[in-house]
Amino acid sequence: MEALAHQIIAGIATGGIYASLALALVMIYQATHHVNFAQGEMATLSTFIALSFIQAGMPYWVAFFATIAVSFLIGVAVERLLMRPVQNAPVLTHVGVFIGLLLIIGNLTGWVFGYTTKMFPTPFESDQPLFGGLVSAHQLGSTAVTLAVLLLVYLFFRHTKLGLAMRAAAYNPRSARLVGIRVGWMLALGWGLAAAIGAVAGMMIAPVVFLDPTMMLGILLYAFAGALLGGIDNPMGAVLGGFAVGVLENLAGAYVVGTELKLTVALIIIIGVLVIRPSGLFGRVVLSRV
Amino acid sequence: MTTTTRRTLLAGATIGAAGLAMPNIAPAQETPGVTANEIRIGSTNALSGPASSYSVISRCLEAMFQRLNEQGGVGGRRIRFIVYDDGYQPPRTLEQTRRLVEQDRVAFLFNQLGTPTNSAIHRYVNQRRIPHLFLATGADKWANPKEYPWTIGWQPSYRVEAQIYAKYILEQKPDARIALLYQNDDFGKDYLHGVQDVLGQRFSSMVRTATNEVTDPTIDSQIVQLQATGADVLICGVVPRFAAQAIRRVFDMGWRPMFFMTNVSISVGAVMQPAGPERGVGLITSDYRKDQSDPAWADDPGMNEWREFMRRYLPDADLTDNNYTYAYGVGTTMIHVLRQCGNDFSRQNVMRQATSIAPMDIPVLLPGIKVQSQPDNYNVIRQMQLQRWDGRSWVRFGNVIEGANV
Amino acid sequence: MSASKGIPASAPMVRAPAQRSIAGWQRAAIVLLGAAAALAPIWVLDSFPLFQLTMAIIYAVAVLGLNIVTGYSGQISLGHGAFFAVGAYATAILMAHFDWSFWATLPVAALVCAAIGFCIGFPALRLHGLYLALTTFALAVAVPQLLKHRALEGWTGGVQGLFLLKPDPPSWLPLSPDRWMYVVVLVIAALMYLLAWNLIRSRIGRALMATRDHPTAAEAMGMDIASLKTRAFAVSATITGVAGSLSAVAVEYVAPDSFTFFVSITLFVGMVAGGIASILGSLFGGLFVVFVPNIAEAISRSAPGVIYGVILILFLFVMPDGFAGLLRRLWARAFGPRG
């Protein structure tokens, strides 16, 4: 029984990691109706930038916000320079560009910062192990940060004009343009915000899994699964989905099929859910008129 | 994917002295890859993709050959070292190896990276009788002179390492309940096989296992699962990132098993510091090379030779990365073999010399640990020494252990 | 990718090339010339470039399979590496454990992949856009794990993989095994292309494109979308599986590490670079994924991955609809807007 409780707690802690990146995926989806496969690599790059700031002597929180600002600019630049030229190309071409971006950023990060595993500091230090050593103060703190980001995202999209304009630009660019929204800049802004949220996710994840250029490779898949399980258009659903994936995966590994197949089984369960509810657990069903 | 792992060694300077087994005075006959003033050597490494952390090995080797050329080369010939990227994908390794052999016409292949990647060319090189020397992988299948006479490894195999741990456990705790965490690939499975070799029938009653994938974000679930078995010994065969996670998690949970870590993942900079040095106290591993951060080697002539080389040829390198000491050791061995070839760089002679290295010291290897080979024994490094983490550095204990014969 | 819509109906990806009538003798001449050009490398090229070309054609076949489901049927698959792996292992297991000849394994590999593709096609019916992309991607991630699993280790060789041999050239042909392999690959690739060509130009092909671009209208006209799409998945898996089977003998080795999800990404890149929903484009895609990484490496040895990414993106800037799109535009310019 105790082992079961431990598996669940450990699953929730890992799920927090997925949830934070899933939130970035949902964010960019809301703003652009794309899922960016390079999101994980962009977040890793941001985290390395944060590490450089900290090593240069900046206090943690200064580096934290400086990194968010830099990442925002990188996101905007990527949209302007790389996505703009192919905006009228078929959707699959966009996916091709994402893959190119993934290759460039992933390899560039390794080339510039090296491949050695590095420690990344946490602002939430505590000497006292919590929950039998399964959860660190950092994991509690980072979950709080994820929830805070979620709240901000919610308020931004629901209660600000800009948020509404961004949703409109993503949902129906043509009509949005007619009512005077600058659709191009809305997309760039969406990329910037997604990159900023990704940076937060990276800085929260790195102290747990340790920092190296391939840190996000596995996490992205889980985050993607979490986001889809919850519903790709629902930030709250994505966060819950992330936690669910973490717990599900641990239970499958410990009690169902053994660790060798735990990823496979977790994915099969998720796909099963999706077949029954094709828009995710909390997603809206989109009906379109013909 | 990324599993190779290397350990580092060092070697260096022994270059001059040893070799010189008498050159067969071979006429400058037709030998592929060898001209009057050049010897071409080929290699593959992961210069791109998730395993690229090992690409520094090729860089270090290139610098060593550059130094050798500045010193006049070997037998009046300069070395041209050609490295291609395989991204750690076996089909690409075959493609690039064929490019080296059929297009660049290299004399032989040296220090290609990875177990699955070298497996893909194992038969190709042996059919064509191309020396396939000192591979950057610790699988134990490279020492098979009967079936694959043209392939030879270099570092002690992971399987031997696991055998050493298992024997030590039986000696210290005959009734141990063992938990084994290994990566689900060729690298991790060698630890499983090594422990099975020693325990035999008792394996199923004494050992509980869990595996991880390189793509797993964390291994918390596996640690929780293994602790719940009530084990009092833990062996981990995982790469550095997971090693650091395991050390931290085991300590934080208040679990205090007798804890063995693969020597792939004992770098002070990449594992012990990130995990928290105080959490790893008591951790046991084994090694065959000197740890560059150990104060015991601060004035060691061998390590000073390595440091001087790094300062001159790779000034920007991360000195805590023990891939550089590994590369220096394997490079030194290669240069020694080239000198031993005298003036005959035919494939037959290169292979003959590579498989008859008289026991020799290498600057980056621990005292008492030799590099050697015989035509019927392709295990180049056969010894290791146990060591324990004291909170600041690795402290060696016990004798140099000759690889287990099970 | 746009989520619940798959590929937007407003942007049809293919315009039918202008149909022109060609006289029979012209057609025969074209076929003969093409065959001569395809066979020429056997005598012209050294063994290494010939091997690269062999691999490129194998990838071209795999990309073709992907193109049927993603390009023509509009269902995004990021998991075709899984079919590639299944085809390769079907051949490897039969050759290594049962001493079958390569030729006998080929239909088995094709059938196994067809069956699996058909089964995957069912859940795929309910999933669209991103959701299908995830499902197929999960398949690609799961395959290496399954190949390594204890229960299958006896057959698959586990992490150590299996060795096999190229088919021997018939004794009356004075060709080396490498050159014979090229001929084998060429012939099978030609068959696969012919199969795809006929499929696409048949009623089924037109129905597929109709359901991709206007699903509701197609259904209203009485098309059985479910059966169309699952069959498209099966055909697509078959073609990619045959490519996998060829790759196993060309490389003479299979191992789980040869079939990570990077294979799926590679095939996807090949499809996008070659041109979505284009048969000729698939051929170019195969060449792209084999030769461009080498070009990238020649440009920068310190970061070939970065250069590869840059080349890919620049390529898509210049040819947003791939190589086939460029050809179409050139064709249109040369022959005017007739037809």
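Lettered A, B and C in written order, each chain numbered from 1.
Throughout what follows, a contact is a pair of C-beta atoms (placed from the backbone, for glycine too) under 8 Å apart; a residue touches a chain by one contact, two chains touch by 3 or more.
This one's a predicted model, so the numbers in the text were calculated from it and none came from an experiment.
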Chain whose mean Cα position lies farthest from subunit A: B
Most extensive contact between chains (C-beta pair count): A-C
Geometric centre distance via CA averages, subunit C-subunit B, whole Å: 38
Distance from subunit C to subunit A - Cα centre to Cα centre, in angstrom: 31
Two or more partner chains touched - positions in subunit A: 103, 107, 221, 260, 263
Residue numbers of subunit C (touch at least two other chains): 141, 145, 148, 302-305, 308
Junction residues of subunit B, two or more chains touched: 48-49, 52, 184, 213, 215
For the subunit C and subunit B complex, residues of the former touching the latter: 46-49, 51-52, 55, 141, 145, 148, 158-161, 163, 247, 251-253, 255-258, 260, 262, 290, 293, 297, 301-305, 308
Residues of subunit B touching subunit C in the complex: 1, 47-49, 52, 83-85, 87-92, 94-95, 98-99, 102-103, 116-117, 119-120, 123-124, 141, 184-186, 189, 213, 215
Interface residues, subunit C side, partner subunit A - complex: 1-5, 7-8, 11, 13, 70-71, 76, 123, 126-128, 130-131, 133-135, 137-138, 141-142, 145-146, 148-150, 216-217, 265, 268-269, 271-273, 276, 302-306, 308-310, 312-313, 316-317, 320-322
Parts of subunit A lying in touch with subunit C, wherever the complex brings them together: 29, 33-35, 82, 85-86, 88-97, 99-108, 111, 221, 224-225, 228, 232-233, 260-261, 263-264, 267-268, 270-271, 274-275, 278-280, 286, 288, 290
Subunit A-touching residues of subunit B, taken from the complex the two chains share: 2, 48-50, 52-53, 55-56, 184, 210-218, 220-222, 224-225, 228, 240-241, 244-245, 249, 251-254, 267, 269-271, 273-274, 318, 320-321
